[in-house]
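Since the structure comes first, as structure tokens, the remarks are kept for the end.
Letters A, B and C mark the chains as written, and numbering starts fresh at 1 in each.
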Amino acid sequence: MSTVDTSKNLTPSAASKLRRTAWYQTERFSRLWAMIALGVLLALVTGEQGNTRDIFFSIEDTFTGPNLWVCLGLTVGVWALREFAATPIKGAVTKAKESAGSAVSGGPVGTLRERLRTDKRVKLGGIALLLILVLVIPSGLERTWQTVLVDQIAIFALLAIGLNVVIGWAGLLDLGFFAFFAVGAYSTAYWTGRLPIEPPVVLNNFWVIPVAVITCLICGLLLGAPTLRLRGDYLAIVTLGFHEIIYLVAKNADGITGGPQGARLIPDFSIDFAGFEYKWSIKPLPYWYLLVFFIVLVIILFSRLEHSRVGRAWTAIREDEIAAAANGVNTVQFKLMAFAIGASTSGVAGVIFTSKYGYINPEVFPLLQSILILAYVIFGGMGSIPGVLIGTAILVWLPEALKDWVDPSDRYMYLGALLVIMMIYRPQGVWPSRRRQRELKMAEEGIGDADAMSEPAGGKF
Amino acid sequence: MLNKTIIKMAIPLAVGALALTGCGSDSGSGDGAVKIAFQGPLSGDNVALGENMQNGVKLAIDQANAKGDLDFKLEYVAGDDQGLPDKATAAAQKIIDDESVVAVVGPAFSGPTNTSSPLYAESGLVTVSPSATNPLLTDKENGFTSFLRGVPNDNMQGAGMATYYAKKLQAKKVYLIDDKTDYGVGLATVAEKGLKDAGVEVVKKSVPQKTPDYSATAKDVVNSKADALIYAGYYQDAAPFAKKLKDAGYKGAAISGDGTNDMKFVELAGDSSENWFLTCPCTDATVEAGTKKFAEDYQKEFGRAPGTYSAEAYDIANMIIAEVKKSGADVEREALRDALAKASYKGLTKTFSFGENGEFNGTDVYLYQVKGGKIGYQGNINELAG
Amino acid sequence: MSLQEFWDYLVLGVMLGSLYAVIAIGYTLVYGVLQLINFAHSEVFMLGAYGSLIVLQLVSPGDNPSALASIGFVALAMAGSALFGGVTAYGLEKVAYRPLRRRGAPRLIFLITAIGASFFLYNLAGKLFGRDPLPLPEMYDNHTVFSLFGAGVNITQMLQFATAVVMMVALDLLVTRTKLGKGIRAVAQDAEVAGLMGVDIDKVISRTFIIGGVLGGVAGFLFANLNQVSYTMGFIPGITAFAAAVVGGIGNIRGAMFGGILIGIVETMTVPLLGDEWRSVSAMVVLILVLMFRPMGILGERVGRAA
């Protein structure tokens, strides 16, 4: 391969002519065009719903209606502010920041944050307080939001914590994470005797959990062992393929999984131990306490792991796999371990989900879910447990809340736009882990590449 | 840097604006209004079907309000479950929490019905589904005490198709395709049983929805030398399949159910839909004056023709409205549920009444055929088969 | 399966595969220069289909167009889809990817941005154009033209295959013979060095996206002609084509062509052997098997080495 020939014999005057730019070519005006384009897009996004009878209806409506002018006015206004009033605004903002900052950074919040990090007792107290709040607040919510909290946010939080181990700590790009959730869910249906095939014994849901964990571990190992030597993107597509296979088997193997009609009448959790009897029902709160118990348990287990030898090995693999291997880390073993641990967490979430809903069909496990859960983790800040919890909470809550604000069919459009904007302006996530933040910063400055997956796209330039 | 500042300022502004629009739409709800909800897919992959039904319900409510013989105001509430079982609980709970909702049209799909019906049963809020056809939904074990099925289950149509092929067309070998949806599989299972009982050879295949290329399947149909075909699925997929069948040179008979009995099937498939048989538990939808008026009003209101299940949703909404009118605006949820379960209502599409566990009281299945770009009425399928 | 049936399905498989190949090239080109899985490429494909639909609705071919008119309509529809695809891909690069590239963001961030952009685009298309599927107006009378090993080939299939082949040959020439192609290969091999050597990286990347977008858009038109237009049409062919690109060796243009055709054949052969519902499963099994034995795909990686 030869280098590209770009040397042209230009005379100085020709070159300077080329260098001269007309007024409309200046950056300022290209920014104006961009803002106008944004305005038009905004008008289209907020415009009328189109219909198939006349596919031009929505576009026509937008271009003839007043909405377009409002949107254009807004974006061009922002442009004008930015171009012509940048200095005064900046000044005002810095001033406001300074006056606020003196209260914040040096003030009680800053010290509190510092105390939280350093003083163990304060930290524990904070966590205890948070836990009490988490247990108390939901009982005061409307039942709709209790349902959202339990059926979606909490289940996905458990999943996100699991995926965080795989992707945030070990740095393995897993696009098929939700498949293990399906495995957990179908294990539940099987062991409670609700699939077309009979289990050897019918188990109580609590006993299904260890069984599902083992099943998912085995599945994780079976998938991981041959594929974990693949690097980043290949692993992604293989896991994606694995998810697709699990989904289609659930859908097509009617005789085993019930096919599209799914499995129904799956019993709820129940305890019958030494005279103490309790049965969970469709009421959300009891399940909330159960889920909080599992989430806390998993968080405790995983944060012990993070700071152990295993966690350090994962970090080493994530940051530089070759160097880690050269230093005697058994990379395959640790990668498999991360994969399997993530898978089993996913499986537990699947068991709880299935017991709560009492019904599953393959449409609960589409490929999209694996992709969404990845977005939750990155959005929150991968590698940090509070981050992924917050990310999941926001992104699961948002579509539900948008139901009241916009046409429900447009909800995921706004979600997509939010993801893009967030990644452009805050790629580290809502609450990034400190280590991750540093890695990203280093990558941005080009000092070192953070890890296999965080290598800047297109090399460094 | 300034860019970031602008974004930071813009986000609360945008959220505020969104919240304001939210408030705007909420403040319209006056006290004492009676609300009828719809639960179905209003986002995700099956929006088209959900919108059809939503519009039917909306139209019924608007017309009832416009008539002016109600001493209360009716309002519509949307419950979007995306057609997914896991999203249905939150959608259902949201409807239940709104105390002025007295009845629900829906849930549209069988999966969501399975997960949301326990919640409805607990609250006593009645749901009448225009389209959930899985026969198991009315199984007593479920305990779905608030569920009424406003549509004959899959058994009727599947059996009708089988009878017609076996007796009238004297088919020797039938190629039977389901689309791997709850609806399609249910229909195909019944049809297969009916055909086999009549001694007809059956080749049963599944072609999932949204298959990118139907050419290979069409080839397989031709190669199987079957002289008749049953497609158990929706028009979105029946249409491209019909095209490929024509390209592959298939000459035999073809039949599909009410999921395909829609003018959009003819529009999408063009000439290829010619001579397709379509079944429907509904009587002729184009002749009667009432139906015609419905189609016109619908077109005027939403700028498009009514689609699959629009008329059914409209009928069910009207049935609910009639029942609420009888018992007054302050009717209790449980009382309305019991009243509806016993009621009988003659709608545009069929007469609605419910039997045990909310199962639809059987009606006949009617046969249609696409002729010259129109869906023409043929008659009662059992009478035709003789 | 008789021999004749085998040929029938093989021909169908190659036809479908050529379509997958064209989409796969879009993934592979972008991967080549950015090492990025462009998840939003399936939406480029979908919008291309809408582009051709819009053009055809504007010119509205009548009931029985003459042969010449038919060619004109096909050309117009193709131009419309290419325009839509190209503009979408260009816009994507400019709005969603360039700001990230500027700050050297990790690839994972690109992935999430791509997912977000994909969500945004397909829901926007659903909103603008309605959410029911639409047929592409008939541009010609579809009938069998000739037979290949006894398997009839009709106009739609011929159009599909011929367009795919022409585009692939043109692309191959473009990448191996032209200056832009040299630039693409240079950026793919080492962007940093290419930049030092005076390649305008921004321009090369932007044009790579446009080329991928044009191919994707035209593929969208061909696909709509085979099936129909809907706002969710991108997802399944997108995933399949991506798998095809990986099977062939992602970043490798010839690999994408090869992988596309292979996956097309595998999918089509599944229909008579196992049944339609297993076609994606067999494609994914092939993918996993290939990657287990050849971790870089059948023909290996990199655009640079395709030449």
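Here are some notes:
Following the convention adopted for this analysis, contacts are C-beta pairs under 8 Å (C-beta built on N, C-alpha and C of every residue); 3 or more make two chains touch, one makes a residue touch a chain.
Note that the coordinates shown come from a computational prediction; the quantities given were computed from them, not determined experimentally.
Taken chain by chain, the contacts link every pair, so each chain touches all the others. Using CA-based centroids throughout, the chain positioned farthest away from subunit C is B. Here A is the chain whose Cα centre lies closest to the centre of all protein Cα atoms.
Separating the CA-averaged centres of subunit A and subunit C is a span of 28 Å.
The geometric centre of subunit A is 34 Å away from that of subunit B, both derived from CA atoms. Counting partners per residue, subunit B has 47, 51, 180, 206, 208 as the residues that reach two or more other chains.
Contacts with at least two other chains are made by residues 51-53, 251-252, 409-410, 412 of subunit A. In subunit C, the residues that reach two or more other chains under the touch definition are 126, 131-134, 277.
Here subunit C touches subunit B in the complex through residues 5, 8-9, 12-13, 15-16, 126, 131-135, 138, 142, 152, 154, 156-157, 223, 226-228, 230, 232-233, 236-237, 240, 267-268, 271-272, 275-277, 279, going by the rule given at the top.
By the touch criterion given at the top, residues 1-7, 10, 18-19, 21-22, 25-26, 42-44, 47, 51, 78, 80, 83-87, 89-90, 93-94, 96-97, 110-111, 114-115, 118-119, 122, 134, 136, 141-142, 180-182, 184-186, 206, 208, 302-305 of subunit B touch subunit A in their complex.
On the subunit A side of its complex with subunit C, the touching residues are 1-7, 44-45, 47, 49-53, 55-56, 58-59, 167, 173, 226-227, 229-234, 236-238, 240-242, 244-245, 248-249, 251-252, 367, 371, 374-375, 378-379, 382, 409-410, 412-413, 415-420, 422-424, 427, 440, 443-444, 446, 450-451, 453-461. In the complex of the two chains, the subunit A residues touching subunit B come out as 51-54, 57, 78, 81-82, 86, 89-90, 93, 142-144, 146-148, 151-152, 251-252, 254, 259-262, 264-265, 282, 353, 357-361, 363-364, 400, 402-406, 408-412, 421, 425.
Considering their complex, residues 31, 33-37, 39, 50, 53-54, 57, 95-97, 99-101, 103-113, 115-121, 123-124, 126-134, 179, 182-183, 185-187, 189-192, 194-195, 197-199, 201, 205, 239, 242-243, 246, 250, 277-278, 280-281, 284-285, 287-288, 291-292, 295-296, 304, 307 of subunit C touch subunit A.
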